[in-house]
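Below, each structure is written out as structure tokens.
Shared chain: chain A. Partners: chain B in the first complex, chain C in the second.
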Partner chain A sequence: MEEQQHPSEKKTPRDAANWAGRVDKLHVSGVSPEALNLNVEGRRVLSPLQGFGQMWQKTYRMRLPRSVATPETVISTWKERYAEFWPKGNRFYAPLTGIRPGEVGVINATQGPMRLSTGVLVLYSDDTSFTFMTPEGHPFAGWITFSAHEEGEDVTVAQAQLLLRPGDPIYELGFKMFGSRTEDKMWQHTVASLGAALGSPGDVETEIVCVDRRRQWSQFGAVKHNAIFRTTLGAPMRGIRRLAGPRR
Partner chain B sequence: MQDAQVVMTVRKASDSVSVIDIEGEITSFVEDALNRAHAEASEGATKAVVLNFDGLDYMNSGGIGLLVTMLIRANRQGQKLAAYGLNEHYRQIFELTRLDEAIGIYDDERQALGSL
Partner chain C sequence: MSATFEAAVRRERGVAIIDLRGEVNALAGPRLEAAYADAMSEAAESLLLNFSEVDYINSTGIALIVGLLAKARATNRPVLACGLSEHYEEIFTITRLSDFMSIFQDEASARSGTTAAPAG
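Now for the complex of A and B:
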């Protein structure tokens, strides 16, 4: 009689090295000291299932001639120069070791009077894709997957795809009023900048799908982690502390 | 676009429970195959769908995203979703991505069916 193998005893899968290991709480290390590092340390990561607002899938894609870039070239360029492709006012501080599974990056952004310090966990990374996962307090709970694939004989498709729910009721309101459009502009800019950097400027195609219209009222309390509030309202206190100098 | 490297077979465990046996890879390229399998599994009076990952040999983050959208679709249809056959590595991914909070994870089919 053939011995049954328990699922947990199977051989190591091919994708094992591409995923972040077990992460209970985020820990930031190896990012530039100029980064304002708030709302990341000690936070749990969130999937699109944990946020408050409606769930959206947003895809921003660009077609490039294969002669300009293969899927592997697109992703290696994206990983190496990720921060360069963001619009003005937004800074991404990648870990010094680069975009690798399990690493944590810090995000600083400014929108009018609002300030945001948050971050992302590199959930997954291989030669043709990588995925960020957001922490508690981030404007949205979910994933951003950057990928590239072949289309026909001559085309490489580069795309950023977000699967998200706004993280709390305030973010949900902001998302409806202006946040969603702001985000579209940001990712369109990012993908277009990538294309330009690869020597192929062009149009970015946008596809937006509402995956789940329901709001998750059980997540109402997530507002206590709201990173925009904590960053913006905490700014005067941080200024006073800086003026007061180091504690003895 | 790459071809889907997966075979999904749907079978009925009872009048109200369907099982989808997954052999191969779960990546963003299997969206159509997964949608078709879920549609077939939902025929009749299906109240629960069990995913058998015993034959899973590769999964990327695009694949995990597809499982989230499938879960939402199943919830909308009033269905429960359960899974079994995940090895330690994939169980850890389900925990990391917090999918395990929405999809019941079991060691084998008997346990999965017993939970529904």
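Now for the complex of A and C:
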């Protein structure tokens, strides 16, 4: 007798293990104690639809000979050595368990007098891609997807793609003035470093598309979570606490 | 990565419906964009994405849907979704897409609009 398939069985997810579970508020655990862990714990994650500024899609890609790396090799190298590929002044503290769905990484960055402590949730991860989602207070609300795919017979394409809206009016202004260019340089450096680590240094192609020109004024209040302000302005107080703290 | 993705457009009483079929991943981008352009080429009050024949969506696919949602919102057209499996309904919640689109169990309830309870 032929067994009848229940409609829900037809759609049994083959990717259930690739996605983070439902996360209401972020919790940081298992990152290096040297990380400055601010603006992550207890924060909600945001999709690119939730930010304040214009929505942008930024893609940074590099073509590698297939003989050098398959898509799977690209992504496993990227996951294992993610922090190494960032430019000077930026630190990524991956969870000790690695880049896995549901894990939270901490980011520390410095630019001139400004300090930033924020983080990311690993939203998705499989053999050929992984995606980070940003929390409230991060310079942008959005996702960063790292992926690799085959192109023709001989080429592997490695790419980082950001879908973002600057998180608040101050970030939007900064993004227009210098933040967007800084972001481009950072990801171009990251993708180029990945290529070099795989033994194939080369040019990084950049593609920038404005997906939505409107600003979402309803998100104006997000400025209260601004992680750069909170990190930079809180630095003197943290210094005083460190000096006064554990000594007896 | 499989290239099995199709998107067909039809119109029902002011609603532009995109029937999606197969896997929504990076390779779905051009077809999804073309379907959206087709759907919006004639007057439509809202856009309904029918996922009932979709069996896989990865994070790149979700990003494609976000892009499409942003474009529709820029033209003040509400976006609805129907036919999502329980798993992908959960993913739409995790990724917070469900904050911006109403999700219905099937096409009939989506088309009857506010009188039907969203699935999620």
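The rule we apply is simple: the second predicted complex is superposed on the first by the 233 of 248 C-alpha atoms of A that agree within 3 Å, B and C clash if a C-alpha of one lies under 4 Å from a C-alpha of the other, contacts with A are read in each partner's own complex, and residues count from 1 in each chain.
Keep in mind that, in the parts below, a contact is a pair of C-beta atoms (placed from the backbone, for glycine too) under 8 Å apart; a residue touches a chain by one contact, two chains touch by 3 or more.
All figures in this text were calculated on a predicted structure; none of them were measured in a lab.
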Three-chain arrangement built on chain A, chain B and chain C clash or fit: clash
Which of chain B and chain C A:Ala222 touches, first, second, both or neither: neither
Touching partner for A:Pro13 - first (chain B), second (chain C), both, neither: both
First, second, both or neither for A:Thr145, with chain B first and chain C second: both
Chain B versus chain C as contact partner of A:Ala109, first or second or both or neither: neither
Touching partner for A:Leu46 - first (chain B), second (chain C), both, neither: both
Footprint overlap on chain A, comparing chain B with chain C: 8, 13-16, 18-23, 45-50, 55, 57, 123-124, 126, 129, 131, 133, 143, 145, 147, 149-150, 161, 163, 211-212
Of chain A, residues touching chain C in the complex: 8, 11, 13-16, 18-23, 45-50, 55, 57, 123-124, 126, 128-131, 133, 143, 145, 147, 149-150, 161, 163, 211-214
Residue ranges of chain C in contact with chain A within the complex: 1, 26, 55-56, 58-60, 63, 66-67, 69-71, 73-74, 85-88, 90-91, 93-97, 99-100
Chain A-touching residues of chain B, taken from the complex the two chains share: 1-2, 28-29, 53-54, 56-62, 64-65, 68-69, 71-72, 76, 84-93, 95-99, 101-102, 107-108
Chain A residues within the chain B interface of the complex: 6-10, 12-16, 18-23, 45-50, 55, 57, 123-124, 126, 129, 131, 133, 143, 145, 147, 149-151, 161, 163, 211-212
